[in-house]
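Next up: the structures, one after another.
Two complexes, one shared chain (chain A), two partners (chain B, chain C).
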Partner chain A sequence: MRLKLRKLMDRALTACGYLAVGVMALFLLWVLVPVFTKGVGAYVFRGTMEHRRMMLGEFGRGDPDRLRAEAADVWRAREPIYKAFAAFEQELDAMPASRRRELRPAFRDVREDVAVLLGPEPGAQLPALTRRMYGQTRWQEARKKANAVLFEETWEYNDAGSRRVLVPRATQFEGTALAPVFTSIERDLEAMMRPRLTVYPRFLTDHSIDAHFFGGIGPEVVGTLYLSLGAMLVAVPLGIVAAIYFQEYAKEGPVIAFLRSCVNTLAGVPSVVFGLFGLAFFINTLRVSPGKSVLAGALTLALLVLPTVIRASEEAIAAVPRAYKEGAMALGAGRFRTVATVILPAALPGILTGIVISMGRAAGETAPIIFTAAVSVGQLVKPSEVLTQPTPALSWNLYNLCTEHEAVEELRHVQFGMAATLVLIVLALNLAAILLRARVARQLKG
Partner chain B sequence: MKEEAKDEGVHVEARGFSVFYGEQEAVCKVDLAIPRGLVTAIIGPSGCGKSTFLRAVNRMNDLIPDCRAAGELLFDGQNVYGPEVDTAVLRRRVGMVFQKPNPFPKSIYDNVAYGPRLHARCARDELDTIVEESLVNAALWDEVKDRLHTNALGLSGGQAQRLCLARALAVNPEILLMDEPTSALDPKATARIEELIVQLRGRYTIAIVTHNMQQAARVSDRTAFFYEGNLIEFDATKTLFTRPREQRTEDYITGRFG
Partner chain C sequence: MLLSPAARARRRLAEMAGRGVLFAVTSVAALSVLAIIFFIARDALPFFMQVGVREFFLSTEWYPSHQPPQFGAAAIFVGTFLVTAAAVVLAVPIGLFAALCMSDILPFGLRQLLKPVIEMLAAIPSVVYGFFALTVVAPLVQDAGRWLPGDIQIDSGVNALTASIILGVMALPTIVSVSEDALQAAGRELREGSYALGATRAETLFKVVIPASISGLFSAVLLGIMRVMGETMVVWMASGNAAQIPKPWYNLLLPVRTLTATIAGDMGEADQMTGSTHYHVLFAMGLCLLLMSFACNLAGEWVVARQRKKLRGG
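Let's turn to the complex of A and B:
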């Protein structure tokens, strides 16, 4: 009876374990799969003629002759639209005043929507914003914008609430010279845009143009690397020295116990508090930089990850067999030599793991850098400017782009591209940690 | 089997020497003179203070918190626990081999060269000579000469213990302390270590703590019997094992307790 019960409990526990792991894996998939599938869209997508025009105009990439030839092909499809515009304008002048008053604003809307879709009309004044100089660069967006030309979005209100209704514009302009515009956009959109599978790996390194409407996330990636590497540069030496002190030099007593609990408490402090502290201490009190800077952000992040580094290093040092230490001491090595030549090398795999995991954490943290380092306008920071200049960074700019940007809906591909890139950077760091650890451990084992 | 080596005087001498762990006295007022150039075995049941005594000679007990010593322990006439003693220098002169083989997770070469590198800036070929000599003295050279730069953790237990011996010999100590050096080894490896001890006798003063009375009888010239922190009897090994003066010694060596 007892035996049966024990076996049953064993099995129940195993089942619970499987369940927990399964739920975790499911959550992970649920988060990661969309991030990656949509994030890939920033790098691989169906790019239109306008994308190639933008690439040549803004980055000087692509073959001008081929683009010119393509532009000529595209012009054949687009020309009827502009001809219809001109014809309708004349027709409008001949119309009775009441009908003219009705159609003129609608015509203006159509012209604006077409400019959004195809880019500025030939011969028109060059727009001030770069985003208006080109039409839709991505086929997916182009089709949405084409619908905006074809249908007018209105809202129908009733007792139950409101409902979105799409009214075809073609009916409004039926019988006028503008009518062919709608049929040709519906029919020839592909010829007008010429979508083609486009691989854009330099999304990772390009600077962004006009608040991320075009270009890539290079400055953000570089900023993230600056901040996490800088944080490690500060946190690793401090953390390892502190861990060595705790493990090898400190005599257990109330002071050490207090310091230890301080470190543990520090690990539990919310990251936004670190951000505010960084602003108050590094920028306002120490004045390490005139304002936000990579330096201030890296210092703040260093504080944030310091407890993790200390604890990982302490555990790694504590796991070094006592016999190594005794062996070194018995040969006449002092405490310092013992630590430097025997204990640290043996503890290295554990310490490395702690470091790289902390680095992943530093790369992903948002709150600590909001007040100390991050700006939303993506200027690439040169290595010589890290002491004074603020930087964009993936974590913060992702948040900013998702919540505070003027065109949140249109830039989904950039948002997901950033998220996927950030996740990939962190995953790559963790993978590097695992490989490095295995390598060093193998060297130690022989 | 082995001739009586000439007694060249006392190398380590304890005078009313005690070691305490906190309040507990682990070694009580021991008077013991370890002769130079001979092998002295220290036997006794577990917890009798024999290892503690041995580890006092090179002050390895310093690593244990709350451990303190009283009385005198003279090494070459100088008090080991004197205030001016530099433990690094002391431990270079007093080599030690531990119960469990503890090679560092480094190459065989680096293990042996560890001590010399600590104490002097040696030229490369000088270091090579020291490493080879030490490994030859520890009877390990022939087995490892082709793989000096592989990791020492790949050695068998007996080889690792001989490597530890070579590592201790490489700093050219005056005395070798062995703390149950064969208790973790199989009989064959044990026999090799015992052979080595006999070979090294005369060149170094050797103090060996052992649980194995046959071992003490085989390799040592003098034997000290410790019991509950006290030195009960200290005499020539032959005498102690054949005509013990004390009843407790006789009880122990005949296996009535321990």
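Let's turn to the complex of A and C:
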């Protein structure tokens, strides 16, 4: 009996272990699957006629002649709507005043909603904001906006709280000249929008138009690359030198112990504190740039990844077989020459692994660059401007788009696209590190 | 070596100079942490001089933009501790069991498969976790109120619970990898000795391996706490940012505000007026964060050192 219980407890432990591991793996899937499946939507989606019109108008891409022919077809589907608008306007003037007062604001709403769906009315004054110059560019959004035309959203309040009620506008305008608008939008939406599977790989490199309503995430991607490369440019030499010193030169003593414990402490500093430090030191004290800049951000990130680079390089140097070093020494090489010509080349792949992982970390960090480098609305930063200009970056702009932007819900596809791109960059760097490490392991085995 | 005395002297001089340069660079890298402490403290001090410690730590009135401004951060400290504690409570059991499983239960092949899973969990940027919390977890938490038994009202999906869940996930890789190392370090002989005495695997782990590696496990938990406490983006996006002490204090379904999120969120308003009290109070919060992480660091090092001494002595 006793033995049975002990065995049972043993099994229970095994089960708990597997459960914990499974929970962890499931969490990873739970995060990655939505990010990637929805992130793809930024690159591949059902684009409407308006998308092609926007592409031609804003980026000069596409065939103008074919677009004109398509526009003529589309116009046949859309024309009845505008005709109905004109007819209803006349009808409205002839109505009794009370009914007119009731219907005119509703009519204005319908017209506005249709303009959001299909773009500005022909002959109307061109709107100032680019986002209003075109209708819905994505079929998914177009269907939502079509519903906004068809149904009026009202709220019903009672004791239990509020409830959303959709009132069909067709009943509101029943018997008027406007009624056909609703039937035709319900029936002919596809002919009006012409959705077509669209692949938009240049989402990755295009600049954004009108605060990400159209276009891509090019400036953000470039900003992220600047920041992470810049950080590595500073952190790698410092980190490798420190690792060499710790491993090859330092004699254990209180000074070295203190320096080591400083490095450990640096690794534990919260990332937002690095941001504060970057602001207080690089920008407000050293004044490396007049305000936020890529330079200040890269320096801050460099400090953040420095402990990782030092540790990885130390491990790589320590893993170099002792015989290499002794061989070099026996041949009469001095310590410096041994390090430069024998130890470093042998440790290089291991050091590279650490560098690549740190670069992924630098690319994904947000908190340190908020006060030192990132802007939410920004143009592509040219290489000549990195010393003075702030830059948009994937991490910061993802935050900004999904919390502070005016149209958070409408721009979900851009947010997911950014998130997926950022994760992809970071995971690609990590994969490179894993492959490198496998190579090192093979090499050391012989 | 057949070198003239002059050449030998030159060589020695070069060696020493090289050594000096290396030492200088290393010192710069290592001592940057002192610069961080100095500059954070320098900008934090004016706040304590102007407003004083009492209001900051004891008052819950956080109205930095009012006239006159009030800087009571007690609620923000409570929010930080609440979110951290909840995340650690979630992450530690899962993390420790996963580490046990990886070090002693799983076959080698599966373990190799799991390593990349942990690395990927660690590599995903925090802002992506925050975005995930906002778009996927928060709606789920909000809906949970409807089908949970009892009369639980969840007003918003962005609350302490959502943030804690995600923070727990983010702490997992640290906890798992550090405690797995600690468990591995306990060594084969100990385990084999225990098995030879007829102990089952569970008994070996709980009565022999875990006691032997307890200091490593402790430092794994401390590192996890540090990671959670210093995390900014997730709490900023998913904790609701309301500077209030939840009632009752353990109610995770209410929004809270943390130190990191306050720094990140308020600096945008404050940094145009460099030198204002609002600017300095954020540095005071940064200083507190810094001190808390140092405390964790020191505690970790102390435990490891003590254990090492004990093992050597015993």
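Note that the second predicted complex is superposed on the first by the 411 of 446 C-alpha atoms of A that agree within 3 Å, B and C clash if a C-alpha of one lies under 4 Å from a C-alpha of the other, contacts with A are read in each partner's own complex, and residues count from 1 in each chain.
Simple rule for what comes next: contacts are C-beta pairs under 8 Å (C-beta built on N, C-alpha and C of every residue); 3 or more make two chains touch, one makes a residue touch a chain.
These numbers come from a predicted model, not from an experiment.
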Just chain B (first), just chain C (second), both, or neither: which does A:334 touch?
both
Give one of first, second, both or neither to describe whether A:443 is in contact with chain B, with chain C, with both, or with none.
first
For A:244, select first, second, both or neither according to whether it touches chain B, chain C, the two together, or no partner.
second
Using the touch definition from the top, say if A:25 reaches chain B (first), chain C (second), both or neither.
second
Please indicate which partner A:399 is in contact with in the superposed arrangement: first for chain B, second for chain C, both, or neither.
second
Is A:345 in contact with chain B, with chain C, with both, or with neither (first, second, both, neither)?
first
Let me test your reading of the model: by the given contact rule, A:280 touches which partner, first (chain B), second (chain C), both or neither?
second
Looking at A:412 after the superposition, I want to know if it touches chain B, chain C, both of them or none. Which is it: first, second, both, neither?
second
Report for A:323: first if it touches chain B alone, second if chain C alone, otherwise both or neither.
first
If you tally the residues of chain A touched by each partner, is the higher count for chain B or for chain C?
C
On chain A, positions contacted by chain B and by chain C:
332, 334
Chain B to chain A touching residues, read off their complex
58, 60, 63, 65, 87-92, 95-96, 98, 100, 102-106, 114-115, 118-119, 150-154, 164, 167-168, 171
Chain C - residues contacting chain A, complex
1, 11, 14-15, 18-19, 22-23, 25-36, 39-40, 42-43, 93-98, 100-102, 105-106, 114, 116-121, 123-132, 134-136, 169, 172, 176, 200-203, 205-206, 223, 226, 229-233, 236-237, 260, 263-264, 267-268, 271, 274, 282-283, 286, 289-290, 293-294, 296-297, 301
Can you name the residues of chain A that touch chain B in the complex?
251-252, 321, 323-334, 337, 341-342, 345-346, 443-446
What residues of chain A sit close enough to touch chain C in their complex?
6-7, 9-10, 12-14, 16-21, 23-25, 27-28, 30-32, 34-35, 238-239, 241-242, 244-246, 249-250, 259-266, 268-277, 279-281, 284-285, 303, 306, 310, 332, 334-336, 357, 360-361, 363-367, 370-371, 395-396, 398-399, 402-403, 412, 415, 419, 422-423, 426-427, 430, 434
